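Labels A, B, C, D, E and F are assigned to the chains in the order they are written; within every chain, residues are numbered from 1.
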Amino acid sequence: MRNIERKLVTIVIEHALESRLIRDLHKLGVKGHTVTAAQGSGPHGRRAGEIDGGNVKLETIVSPELREKIIDHLEQNYLDKYACIVWSSDVTVSREQHF
Amino acid sequence: MRNIERKLVTIVIEHALESRLIRDLHKLGVKGHTVTAAQGSGPHGRRAGEIDGGNVKLETIVSPELREKIIDHLEQNYLDKYACIVWSSDVTVSREQHF
Amino acid sequence: MRNIERKLVTIVIEHALESRLIRDLHKLGVKGHTVTAAQGSGPHGRRAGEIDGGNVKLETIVSPELREKIIDHLEQNYLDKYACIVWSSDVTVSREQHF
Amino acid sequence: MNILELAIQNLTSPPVLAFALGLLATAIKADLRLPEAVYQGLSFYLLIGIGIKGGVALRDAEFSEIALPIVGTIALGMLIPFLAFSILGPLTKLPAYERGALAAHYGSTSLVTFTAAIVFLETAQTFVEGYMATLLAVLEIPGIIVGLLLASKGMSRSVNFRESLVEVLTGKSIVLLAGGLLLGAVTGSAGYSQVEPFFGGLFTGVLTLFLLELGLIAGKRIGDLKKAGIRLVIFGVGFPVIAATLGITVGLLTGLSVGGATVLGVLSAASSYIAAPAAVRLALPEASPGIYLTASLAITFPFNLIIGIPLYSVIAEALAGMGL
Amino acid sequence: MNILELAIQNLTSPPVLAFALGLLATAIKADLRLPEAVYQGLSFYLLIGIGIKGGVALRDAEFSEIALPIVGTIALGMLIPFLAFSILGPLTKLPAYERGALAAHYGSTSLVTFTAAIVFLETAQTFVEGYMATLLAVLEIPGIIVGLLLASKGMSRSVNFRESLVEVLTGKSIVLLAGGLLLGAVTGSAGYSQVEPFFGGLFTGVLTLFLLELGLIAGKRIGDLKKAGIRLVIFGVGFPVIAATLGITVGLLTGLSVGGATVLGVLSAASSYIAAPAAVRLALPEASPGIYLTASLAITFPFNLIIGIPLYSVIAEALAGMGL
Amino acid sequence: MNILELAIQNLTSPPVLAFALGLLATAIKADLRLPEAVYQGLSFYLLIGIGIKGGVALRDAEFSEIALPIVGTIALGMLIPFLAFSILGPLTKLPAYERGALAAHYGSTSLVTFTAAIVFLETAQTFVEGYMATLLAVLEIPGIIVGLLLASKGMSRSVNFRESLVEVLTGKSIVLLAGGLLLGAVTGSAGYSQVEPFFGGLFTGVLTLFLLELGLIAGKRIGDLKKAGIRLVIFGVGFPVIAATLGITVGLLTGLSVGGATVLGVLSAASSYIAAPAAVRLALPEASPGIYLTASLAITFPFNLIIGIPLYSVIAEALAGMGL
């Protein structure tokens, strides 16, 4: 029961998009998420003004299938248009119902 | 020497519990930890009032055995009672003595 | 195209060193990084005064080769002298050019 | 100015309006949250500021003058949570730990409600003893402890209950309030004058921002009102009036002026939403914030702010008129 | 004091100097950024503070006195972005979405430039109607909407455009400004006096810190000026003068004093760098901040601050002298 | 008021009491830390605020009046770290890099100690030249550089030493202080009056919060005192008195008033705990904060605050009385 495999999807995105992204993710079916304030720089340069409050880093633990859906959605609606990147990794959780 | 395998245990917990959790972890034997301020939502809803300052995200790098002990401890004392989740993943560190 | 393997290198370091470290990393060739404010404790004790503003946690997604270079650089210039630790893990990204 | 005019003036004061604005903003889903760090900075400022002012006043007061009111306040702090716990039994049928959690909240008190009452009485040009902030600090703690004890009675607790109590007593709100009292009492009016522009002049403005944030949080709790049920609403509105009457009576009997007794009534009626929730969270995790925080923040707090304060001042006048 | 002396005094006021200091700090790569949370706290304070002051003034004004200026301001808010969009076509050859983004910025306005103008006119002892902050709030929004609409014309948008508009209208800057107006209008001067030391006394000091931060951000944009090209610089300096003249004319025609008309000119000339960038970011992600933010923050803002404000006051005097 | 009364008044001023409260809070393990962002905001405010005030005073001073004191202060900034380094050799047997680190701290100075001295002398109604804040800024830097050079002598450094120096000179504390001086000197009293309620009125209150935080940090260092050893304590208490006497002498010789000379003594005696630790951290990572920060923050800072300031004012009186 303790070593359930899940995906940790991490998204870094400009602050202004935070609430839109969270809404979208919950529509896609994520059950929970954690957000921290972040700063950063990337190959595109900061496409938004720094004036708007930096980036946020959002982490959500999901099933592998949901991960696919999230990445599809980001590809279509975020990655090209906004200062946004995403990566995923394997994590182990202990309570299935939670994620 | 450079590719020592360790476990990264990440705990998201409501702010009010931060110092208690840190005390407990050090009693269990962790050698270090890193904390960042976080916000979030989960399937249980925010069980604590938002009034108390959101969540914290605590990360600690430990041996696989210590990971088991930590998760046991969380299962017994935190996971059911508090807004708290935990996940773990594999990481590589370069200095054994440190972790 | 979607499952490109990269390394996530995470560095926790005392605040005063933040800008120097970022400069060094970009000289080594990283294309982007994300920073969050952090607090923590470790086996060496806080070598810097808390007076200077805690730690920062820096994350950067890089190729395996660049990871080696970064860790070499940290070994030589940071790990012994400063409150600094580093760990790495495997992540999956979807856009090669970005990292 | 008559009582209605005063009530209206209270309602249209910037802090109360800011609370309403916060509720409104939640309704239209506007995100007006201050960054967490700033919000914590504001509450830090309010806690130590009220403590310092109370300490300065304490130093200027005669011991003979304040001894009785302090004893009376401690008595209230132990009596009120008992009363709340007992009334909640037949009224709500909640389990003991929920009732204990509520008792801890209503046994403790609220800095912001206190401040609103002070502003109200100042506008009405009613005399109030300077050391009321001392009584605020005194009333903050016993209610929480009694509430927690009531809740824990008959529970086989695995968590260390004493540990939680220590965490509560060394928590930010208690230590800042008590530390401010100490600082104020030692520095006195001469020292205070150096920091008056900061801790005095800005107080109402900072309170306004803080109440805007409280409004946002309360707004999110309004949805819980339905779940909480009508009996909790009755308690949240009725109990403060009982507690206030008790507090006013104790105030008058221990020699406070009508204004002072009104404030002690307000302190008794007010329920905590900073110190108590943190304490209950630590010591009574099984109790549900959907009940205690909703009652305290979304029912009793606005009730006291809008109706309670003028009402209690009328009750105090009446009781004093009866020669109490 | 003649106009040159006033201009110098404007230049040497703490907020303007702080902006210059920020530019300088960027040049020597000194990192003077305030923590993000504090920066957001300051802008929160400025927005709600200006709103409250505008609301208090609004309440004191006669409806007959302000009706016309408000209508005039709404007209300006719709006219100016059109004008900007049209002029940008032949001038810069930028695609429609870039021109629309710029139009949204120049159609909206800037709280900080407004405040600098108020301070300038106060020093010059020129009368200004108290309710100008109301016009600031009125002018904030229509320009953004018109600009976005102009940009979206002829685009096949996949993103939900209405969703973005809702996000803009319920965003922090609009809601704080409007909420502050409401709060101020309800509480009136009596209530305001309680919070004056906070929202009034500290305003210029907080503005000084905020402008230091804006200077840092603008400094980083200066490098983009070359990429942006000379035509954008011409627009950023020339268009404000046109818009100001329009604004002054409307102000005088709708019955404002010379001081009031000057301020309406400044509001028209000023371009937004808080509300508009956030809105454009959400609704028009393809538009490049390297163009609109650079123009607004690194060209037009300092131009207005240093040359524009005194210049527009001269224009207002002249137009008023012509019997307008 | 005699010197003892003044000392007591100093001891019971809110900032000093807040420091004590911080120590106390650490002792009972209460967590009163302000959020990091707010703490950084406060130190930002103090640095630029003191700079602005110094700049305003600088502008009002005659060049002939301040030239000599500035030269004298620079000389002190180079002499004091040498002295500290030399005395530390025989006294403590610490390696050169530790002594250099300490020399950098004692060669630089402390804004907070300076401010406490100003408040002390104001209460004592002693005249102090307005431009002392300029000397504070002047004394901040040379000591750090000399200390680092002394430490690096004879070390085969792999880290780029020049890089570190540049980082120090473009670091927050230096640039804010110098930038504030510039801003104040350009804006003058007329401009300053606009921001006085913010940078002036609130100063002591903000300082009080800041000292509470410093007390918390110092409290955590007290445990290091044992490790540091009695010789470090002797240095931390004895050296300030030597440095103060030197500073007072230089002050009187360069034409400062008794009050001004006292302040220059305090500046000489004070050790840095903001700029210097950051600089030493970057340039001398092998030096141990358990030594330099403990000495500076947990020994010398409270010593100066409590005993030093009144003592140096007596010394200044005496030296001036001797016709110096």
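As a convention for this text, contacts are C-beta pairs under 8 Å (C-beta built on N, C-alpha and C of every residue); 3 or more make two chains touch, one makes a residue touch a chain.
Here the structure is a predicted model, which means the values were calculated and not measured.
Undergrad: Touching both subunit D and subunit E, which chains are there?
TA: Touching subunit D as well as subunit E, we find F.
Undergrad: Once the contact rule is applied, which chains count as partners of both subunit A and subunit D?
TA: Where subunit A and subunit D share a partner, that partner set is B, E.
Undergrad: Shared numbers divided by all numbers used: is that above or below half for subunit A and subunit B, i.e. same or different?
TA: different
Undergrad: Measure off the straight-line distance from the CA centroid of subunit B to the CA centroid of subunit C, and report it in whole Å.
TA: Computed value for the inter-centroid distance: 20 Å.
Undergrad: Calculate how many whole Å lie between the centre of subunit A and the centre of subunit E, each centre taken as the average of the chain's C-alpha atoms.
TA: Distance between chain centres: 34 Å.
Undergrad: I need the residues of subunit C touching at least two other chains; which ones are they?
TA: Subunit C, residues with two or more chain partners: 19, 36-37, 39, 89-90.
Undergrad: Note the residues in subunit E that touch 2 or more other chains, in rising order.
TA: Residues 31, 35-38, 40-41, 197, 201-202.
Undergrad: If two chains touch, include that pair; go through all of them.
TA: All chain pairs meeting the touch criterion are A-B, A-C, A-E, B-C, B-D, C-F, D-E, D-F, E-F.
Undergrad: Touching subunit E in the complex: which residues of subunit A?
TA: 14, 16-17, 19-20, 37, 39, 46-54, 77, 81-82
Undergrad: Which stretch or stretches of subunit A touch subunit B in the complex?
TA: Interface residues on the subunit A side: 2, 6, 8, 31-37, 61, 89-95, 97-98.
Undergrad: Touching residues of subunit E toward subunit D in the complex: what are they?
TA: So the residues of subunit E touching subunit D come out as 35-38, 40-41, 44-45, 48, 52, 170-172, 175-176, 179, 182-183, 186-188, 190-192, 194-195, 197-199, 201-202.
Undergrad: Can you tell me which positions in subunit F touch subunit D when the two form their complex?
TA: 9, 12-14, 17-18, 21, 24-25, 28-32, 34-38, 41, 119, 197, 201-202, 204-206, 208-209, 212
Undergrad: For the complex, which residues does subunit A have touching subunit C?
TA: Listed in rising order, the residues of subunit A that touch subunit C are 10, 12, 36-43, 55, 57, 71, 75, 79, 85-90.
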